[in-house]
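We just call them A, B and C in the order they show up, numbering each chain from 1.
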Amino acid sequence: MNEQAAKAGANRMTYREACRQAIREALTNDPRTFLMGEDVGLYGGCYAVSKGLLDEFGPQRVRDTPLAEATFVGAGIGAAMAGLRPIVEIMTCNFSLLALDQIMNNAATIPHMSGGQFAVPLVIRMATGAGRQLAAQHSHSLEGWFAHIPGLKVLAPGTIEDARFMLKAALTDPNPVMIFEHIVLYNAEGELDPDVIHVDIANARIRRSGRDVSILTYGNSLPKCLAAAETLAADGIEAEVVDLRVLRPLDNATIFESVARTRRCVIVDEGWKSGSISAEIAARLSEDLFFELDAPIRRICSREVPIPYAAHMEEAALPQTRQIVDAARSLVKPQ
Amino acid sequence: MPSLGADMESGKLVHWLVKPGSVVRKGDVVAVVETHKGAFEIEVFEEGVISELCAKEGEELPVGAPLARLAKLGEAPPAAPPKAPEAAPKVIQVSAPAPVVETERATETPASPSVTQPASRLRVTPVARRRAGELGIGLDALKGTGIDGSVTLADVHLAIAKGVSSKAPSPAAVPTARRKGFDPDEMRQAIAAAMSRSKREIPHYYLTSTIDMSRSLAWLETFNKQHKPEERLLPAVLLLKATALALRKNPQLNGFWENGRFRPSDGIHIGWAISLRGGGLIAPAIHEVDNHSLPSLMGALHDLVGRARRGGIRGSEMMDPTFTITSLGDRGAESALGVIYPPQVAILGFGRVFKRPWVVDEQVTARPLLTASLAADHRASDGHVGGLFLAAVDRFLQEPETL
Amino acid sequence: MSQKPHLDRESGRHLFKQMMRIRRFEAKCAELYQAQKIRGFLHLYDGEEAVAVGVMQALDDRDAVVATYRDHGHALARGLPMGTLMAEMYGKVEGCSRGRGGSMHFFDRARRFYGGNAIVGGGLPLAIGIAMADKQLSPGAVTACFFGEGAASEGAFHESMNLAKLWNLPVLFVCENNLYAMGMPLELAEAETDISRKAAAYRTPSEAVDGMNPIAVEAAATRAVASIRSGNGPYFLECRTYRFRAHSMFDTQLYRTREEIGLWRERDPLPRMQKWLEETHMLSPQEVRDIEADVEAEIGEAVAFAERGQWEKIENLERFVLMDEVPE
């Protein structure tokens, strides 16, 4: 094996491994950082993200908690206020509802409510999304809800690179940052650019350029949109795929710039359509970009149903590539 | 009436426990007030003598209204009512916009609905509607090709290419069906609208430069001798390419003035003004001119002119130009000071090439000279930029082999 | 630090004066509320002063405090300047939370005062985290977490009690049992009305103490803090107390009788303390009047400070929603 190939091999990894390396790096670099959550230690993480880290760092740094989301999330907030840099893992975003009080009423409010005396430099990671037949209490996409709340930052890594480096940026941020890792992406594999060791948590990214229609998306819908863009290209339609990455605060500049250029927009969001982040973006476009639009905005979201168990029903409930292709085509070539 | 809660707006005085002349001490209960939460005992915070009961039993009073007046102990009740209690803290006023005066609307005679309501609403996308308005294109004359039959930006631009303008149709034209294809009268209307807007809104500035074309023409002659007739180039492609490369260096001239500011364009798409045989003028785009080789540019130009004269221009080609060239060619005048096509911010005019006296190495000699005239939008750029741009065009035309 | 409170003249006067500061300050607050100078919710601590005053005596500067929405007493006893508290209730930018918190949300970083929390039980998990951080960064520091007996019904209470002991954290749980969660009587809310017994389920030492007696509270808190500082993990203190006034200003108190309030009034810590100090000749009537005058002067200055204060500029409305940096 030549040197280049060896190097390429070292940089090829799964999204899960990228998350794990990010946590390992954080624990290595800052003694104030620790990982806390249900089954993060002995069990190795529900999705095996933290597997092996307990042996490396010990039970003070990789801390198993009882099933007490309100308190271990609240403890993360308190610890962050008092000088530590915790990473709190919530097993799935459905369980985050047990800690919603702490996230909303404490983490998001205290910096402002204290007149800027206390910051909450906390990272909360959780698994989100559907596609593994886990049914209606383990499959939802609640990142859009959290993106409603001032005082939080909400991240949705959709690439291996973001899985690897967003955590570092989140830990250096003085605010509570929530990272939503998609359960289907954990097994996704990809190559890391060895020159990239840092990503921002402020901007959306154009993952594919095109002039005919902008497809805005994030998380596990990103690969679906990229596949849709491939199909559209064969049909002579150049779709631009924008990875939102950061759901709060939304990067208006990148979104507006893209849509102002293509004048057509499809938003793909695994959350439900009603009151979703896709609704927010569509509203902003119609508020601020109305006179640039050359077609109605289209949204592809999950069907309004608790995510069902059976595979065919689950598939029917989620945004699929074919729908994205159809929506984009209908805007560019209506006939 | 004391405020007992954030959501209390008023209270009803149920009964008094004191009467004028009663001596009260701090903490004494003086009255009972009924609210939506129930009955409360009202205490006083100062000692003194009740000099006057302002509220009657059974009376509903807003928060802040005086219930009674209190005099200091040993003080005669004042003849005149004492000054009003201190005002409540001022609510911070978030500055509100001045109320919209609607007198104009109010005095307008409402139009009869049957006149103003179209039978079925024309679907026009927001950007198409805006652009049509800017160019003075009437919407009802347009055929929509967008989603649900909507008129899109491309349809508006296609209409200009076809010379459609029904902004102010003559009364005679109304009953007749809309004419298909090219109509010189309507094109005249469209040009009139766009050019009027340009002169109305755009503060043009003009710069002129004389360019020695001997090197370019000599290079072209050599090139053409070495190639088959169908591969030969016209001087126009040298002008196009030199302009594109100069725009690359001066991007302030390549783009659009929109919503009160300049938006540069990523690509250099030059509109080439083509006069149509039936009269009128269009300037469809050649895309990414700076990335073309000269032969490929020749092909693109040839194709464009051919389609323009056959009526085969696509709407997108009409809306894409980021800059326009008007070249008068062999039969034209000396120079062309153009009118900018909005929302572009510049137009470059090339006159006819004349042989004229020119000073080279302190000697007067005859040279083929070309006058290049830039008209640019002073909102988007200044004369300095225009000067640099013209100098760059000249420089590229002196090195035709690099184009 | 000694485990026994100093029952000398100085500490007796101190306890008395602190309680009087709270009592008189809040009487002024009620007046200013009715005059609409203070708005929002106003929860008075009237009757419970001995708890905050007694517990704070056992703490020092390195310790942290997590308070409830009935936080005037905690803040004054912890040493937050009265003027900044009054300014906060006026909504002025000079307030201890720059006018963003109001009566229920006093904060003071310098005094490790982690806020009045207006979610019942909401502060308990914070205390766990603060104690985790202290254990690593500031060993020996104690986090005193105040909450009412109503919080004992919340899940967060049980989760926090469990984690504190499980991880052996330096937390002093102070339950201010005033018998009513707003209008909900204890016996209608809890299967086990002896709150202090709940700590046993979490293997945490606990004590129930007369919350109307500052000396008893101080003594118990001092014992508790000593136990925590010596590394024994959390300690639970139930202070049995009573609020004389309504839950908040807008409350007609349908849930309790005048007779009951009257009975508790007889145990009012302020006159009791005054009587005791006078009988033991630690305090003369003239000294009482001097203390009253001091307190009234302090309140007058606090009101003047608040009146003089400025409104936060509206252009700063969104300041601190996201922080630019972690304050040092």
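FYI, contacts are C-beta pairs under 8 Å (C-beta built on N, C-alpha and C of every residue); 3 or more make two chains touch, one makes a residue touch a chain.
By chain, with names taken from UniProt: A = Pyruvate dehydrogenase E1 component beta subunit; C = Pyruvate dehydrogenase E1 component subunit alpha.
Computed from a predicted model, the values in this text were never measured in an experiment.
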| item | value |
| --- | --- |
| Chain whose mean Cα position lies farthest from chain C | B |
| Comparison of A-C and B-C (more C-beta pairs in contact) | A-C |
| Chain occupying the middle, per Cα centroid | A |
| Euclidean distance of C-alpha centroids - chain A vs chain B, Å | 35 |
| Rounded Å distance, chain B centre to chain C centre (Cα mean) | 59 |
| Centre-of-Cα separation between chain C and chain A, whole angstrom | 41 |
| Interfacial residue positions of chain A with respect to chain B in the complex | 263, 290-296, 330-331, 334-335 |
| Chain A partner contacts - residues on chain B that touch it in the complex | 125-130, 145-148, 150, 152-154 |
| Residues of chain C touching chain A in the complex | 64, 95-101, 105, 107-109, 114-115, 117, 119, 122, 124-134, 136-137, 155-156, 159-160, 162-163, 166, 318-327 |
| Partner chain C, residues of chain A touching it in the complex | 32, 65-66, 68, 70-84, 86, 101-102, 105-106, 110-119, 121, 150-151, 153, 174-175, 249 |
| Contact footprint of chain C on chain B as seen in their complex | 2-8, 35, 37-40, 45, 63-64, 86, 88-89, 92, 94 |
